[in-house]
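Look for chain A in each of the two complexes below; its partner is chain B in the first and chain C in the second.
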Partner chain A sequence: MSFFDALRRRARAWLRRAAGALGHASGGAAPAAMRPDSRWAGPLLLAFALLCVSPAFAQIGDTTYRLRDPVQEQRAREIGKELRCLVCQNQSIEDSDASLARDLRRIVREQVERGASNEQVMAFVHERYGDFVLLRPPFKWSTLLLWATPALALLGGLFAIWRARRVAAPAGIGPLELTEAERQRLAALQGDPKA
Partner chain B sequence: MSEVMTPAPKPSRRKLLLFAPLGVAAAAGVGFWAMLRGLQDGSFNPRGVPSALLGKPPPEFTLPALESSGLPALSSADFRGLPGPVVVNFWASWCAPCIIEHPHLMALQRQGVALWGVNYKDRPREAQAFLTRHGNPFARLGVDEPGRVSIDWGVYGVPETYILDRGGIIRWRFAGPLTPELMSQDVLPLLARLRA
Partner chain C sequence: MIPELGHFALILAAMLAITQSFLPLWGAQRGDVRLMASGAPLAVAGFIAIGISFAALIWAYATNDTTVVNVVANSHSAKPMLFKITGTWGNHEGSMILWVLVLAGCSAAVAGFGGSLPSALQARVQAVMGMISLGFLAFILFTSNPFERIWPPPPDGQGLNPLLQDIGLAIHPPLLYLGYVGYAVTFAFAVAALIEGRVDAAWGRWVRPWSLAAWSFLTMGISIGSWWAYYELGWGGYWFWDPVENASLLPWLAGTALLHSAIVVEKREALKVWTVLLALLAFALSLLGTFLVRSGVLNSVHSFASDPARGIFILCLLGIYVAGAFALFAWRAPAMAPAGFFAPISREGGIVLNNLLLCSITAVVFVGTLYPLFLDLLTGQMISVGPPFFNAATAPLALPLVMAMAVGPMLAWKRAALWPVLQRLWWAACVALLAFILTLALAGWHVLSALGFACAFWLLAGAVADIADRAGVGRTSLRNAWNRARNLPRAAWGAAISHAGVGVTILGISGMGLATEKLVAVPPGGSTTFAGYEWRLEGVRDFVGPNFTARKATITVLRDGRVVHVMEPSKRYFPIGRTNTTEAAIRTSPAGDLYAVLGEERDGEAVLRLHNNPLAPWIWLGAGIMALGAAFSLSDRRIRIAAPARRRKDEAEAAA
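Here is the complex of A and B:
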């Protein structure tokens, strides 16, 4: 971390000096002064690239317990993405910075390294923390309402529409023809001389 | 146009309908009030995670003692052949809510309740300083510096309190500091029932 901080500090220093050089050059009248000193082009580019890159480094997250085997590490990450961090609750243990999440990440990796299947690792955590730890809840009686809610909402909506239409249908728009009295009133309003 | 409209519902029913939003608002108000009250006395915790170990024995484990305390260590073997119910409390010296709930633990100890502690991710010196300063309520104390045994118990933060019956089965768990309401409504009645 401190290595990148140092790099970024240096990049910032370059930028500052480059800006200074630019300001100095534009002060001169010669047309060549419009072009920034080419000595700074390389460092400037590097600084820009570094500024773009640093958030990507942050996204990799905690690398303390990464497995050496990329296939195993990938599997550990897939498992971790399915497990809720019980401290933050809206993040998976792969995304969370809580110390419990760190411990669980480590446990997942230890077990993957030992050759446990995804199911075995998930079962280990599930045994200790229950359904809540699974970001994808299992389908069973106690979670039936949870899973059925979208279907129930859709059915409810359809029922409401069906009812509303059934009640509204007899009212309709009414007869399309005007009555004699209405026709006379309309003509009077329009000031038709034939009326 | 009125002749083509559906006949209006009976006036008494329509009038009742006027009160429907009021009724909904009143119900929501009562619900909110109950939630807020529960939040305050600790009986309702929207972030609470039910323990997966209820009705089960604790995991197999062996924890070292906090040497400076002179208290015996804690392991799963201690839960076999209990004379009565046991309260297990997970705590740490760096945990502020643990200080808040500490008087309740001291009260349990004074009442002769078997109270065993697990010191979670702590430094021995600071754990000892905590006990010296606030008093030691524990008859046994295990030190879980790596926090692995606590994970086996399903602990996700400190303080957490478990009550086990004399058969060594976990009957109750609360994640968070004990409150006077929890003590009088849950902990003490359950202990009395388990002792009977």
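Here is the complex of A and C:
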């Protein structure tokens, strides 16, 4: 299978998953076992394809699910910024008005209102939608390399610099102090400005 | 007829590019002066041919020639003339023509300004530019021909994405391409140097202005793109760490590293091999960016599925150029003798630290952007890598970079003492600390924003300290210092201005960290309080534009009962293409932006989203200042005057 076939397969898998996600979301906090009816899969896929085409579809958010308590609402927003709108290109659920994002916003706010902690809400959503929903990928074996990149790059760079300096061992960059002869020559060159 | 002329001009350009790829290179290898001299006129001819082709396409758009498939797909007679013309490069095919036009323009500029270049170097540079040009011309001719005809012609075009009917987007791609393609020139210089097996100060003197110019355009291009996202997408955000954004950030990061290490090559002939590598890397990342955006692998899975041929073609080009260049590097680089040794604490050492951190950030952005793709391909696992990851992973690398940025320019070349420099910066540190404490005191417990403000003021004060130090403030009379400051090399001023520009951008970013927003449903005549203002919705009315209909709200913003602003956010509906856009109303002042978006209307109420974005405009102003600093540096006398020095030296060597 070529690279590009694999990519196309991935695109299809993405859409399928997105359709599945809507199946969950339309039932609110429904059990994860819910599956979209196969009769609806086609139209749903089409709808998602249209949704994804341009961000122009995004409207500006709705006031239906707002928490009265501003502290809770602020928390819900912070959680929402960490969650991906699964059907959008790269938007958080707070930055999208796709219907899935709306549903996720509602789920997050319901959980927050029930008194769940940020971690509990994230865990709740993570459990139902998988790693894909987290904009900050979880620490695990498969993301080890990703999270280690900053340190690896830095250490690799330091090692390269150390090696380059050792291989090209400089014959010394000269003594730190000027010799007496150099100092005299410098004085002669500078001259006395007042003279 | 005119589209055919454009098509033929494009084929002619491809033929010229083939000639340009071989003749000068062959001449340089054989030492044949006449063959070497063919590079410059071929480059100019190629530029003219592609220019004719581009003009023909613009003509087709301006006259709304519906026999051209590309026009039908992307334009419409009802569109304003300005957007008909900018629509030429608002689509895949047209933007690729613009890409090669800019490339040919750079090639012609090397021919025009390069009179003082050694003829062998000039010939090899032109040959490499010709090869790059050839690849992309073939790409256009074989997979993305914009001059394809359709018969019978449809009555009218299918319009252009209304999001793209915008002045910001009209100038964003050309600037970005000037940046991307500018790195093609430094790439060509690097490859030519590898073929010659020689890198010296004169080479650095040629690479530096090109990397400066490319960097300057890329900075402008990225910031205009970010500004466009800010006002057009209507979410009040300015950077989303989207793959497409990252694609333009990657060459910028590598290019920033290149910009600095090229200084070391020019001044001290050190870091030569490393600078060549960075020049290769900057263009490789530009090509990667073009691939990611144009193939749609990461951006939009849908457009990709429709035509995988394009993705494969660009991937092949990427493979040929990058693999070829790196193979050449692996073969020839070890032959280059290191020179210009320096102590770890020195200006060179500071630039090595700059390069280390910038390249680490580049690696993080690169891995973060491509990791989900490769993880899925290898294991089938799907993950998202979004803003929380990038912020968390790049900030620890960016912080030491910013801290070193104020110190580095004040260190002496070759060997420096850190302590005296820190003593000259103590007041800058005090300013930064004050900013940190003041932010916490005034804005509450926002540690990251406070840290950002501290960094911003550290950089601004550091830039002032740098110039003051060079002018000798405190060691000589003020009048004397003023005269010395005026006579400082423009490169020194440019560096200080650009570093201050980074500070200004960080100031804006930190301010945005304190942004607040409110989503509220208001009936006409009703009002809400937000950000210390009273916002009164006067009403929502219909509005008809040239090719859209809209609902437009009028909001009066009052403070203490006095009207301070009237804002008119709107929602547009474009019947051609059946799309909606939100037009945010933005009130800009130096203190920040007030930003209002109109949402849906129901039950006699209109949903409004209001944002208060403190210091937001400084993000883009800072980028403008960075680009200005680069332009200032480019106007340095040394770059204009000293370039011919190498030819005289070469002639002297030849005579000896």
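Quick notes on this one:
Basically, the second predicted complex is superposed on the first by the 106 of 195 C-alpha atoms of A that agree within 3 Å, B and C clash if a C-alpha of one lies under 4 Å from a C-alpha of the other, contacts with A are read in each partner's own complex, and residues count from 1 in each chain.
The rule is simple: a residue touches a chain if its C-beta (ideal position, glycine included) is under 8 Å from a C-beta of that chain, and two chains touch if they have at least 3 such contacts.
Nothing here was measured: the structure is a model prediction, and the numbers come from that model.
For chain A, the partner with contacts to more residues, out of chain B and chain C, is C. By the document's definition of touching, of the two partners only chain B reaches A:Leu104; chain C does not.
By the touch criterion defined above, A:Arg128 lies against chain B but remains apart from chain C after alignment on the C-alpha atoms of chain A. Residue contacts after overlaying the shared chain place A:Val87 against chain B, while chain C stays out of touching range. Annotation: chain A residues 89, 130, 132-133, 170-171 touch chain B in one complex and chain C in the other. Of all the residues in chain A, the ones that touch chain C in their complex are 3-4, 6-8, 10-11, 13-14, 17, 49, 52-63, 66, 81-82, 84, 89-92, 95, 130-138, 142-143, 145-147, 149-150, 152-154, 157-158, 161, 164, 168, 170-171, 173, 176. Partner chain A is touched in their complex by these residues of chain B: 1, 4-6, 47, 49-53, 59, 121, 147-148, 151-154, 156-157. For chain A in complex with chain B, the residues that touch the partner chain are 86-87, 89, 99-100, 103-104, 107, 126-130, 132-133, 167, 170-172, 174-175.
By the touch rule above, chain C contacts chain A in their complex via residues 161-163, 233-235, 237, 240-243, 274, 297, 299-302, 304-305, 308, 311-312, 338, 341-343, 352, 356-357, 359-360, 363-364, 367-368, 371, 373, 375-377, 379, 381-389, 392-394, 396-397, 414-415, 519-521, 579-582, 597-600, 607, 609.
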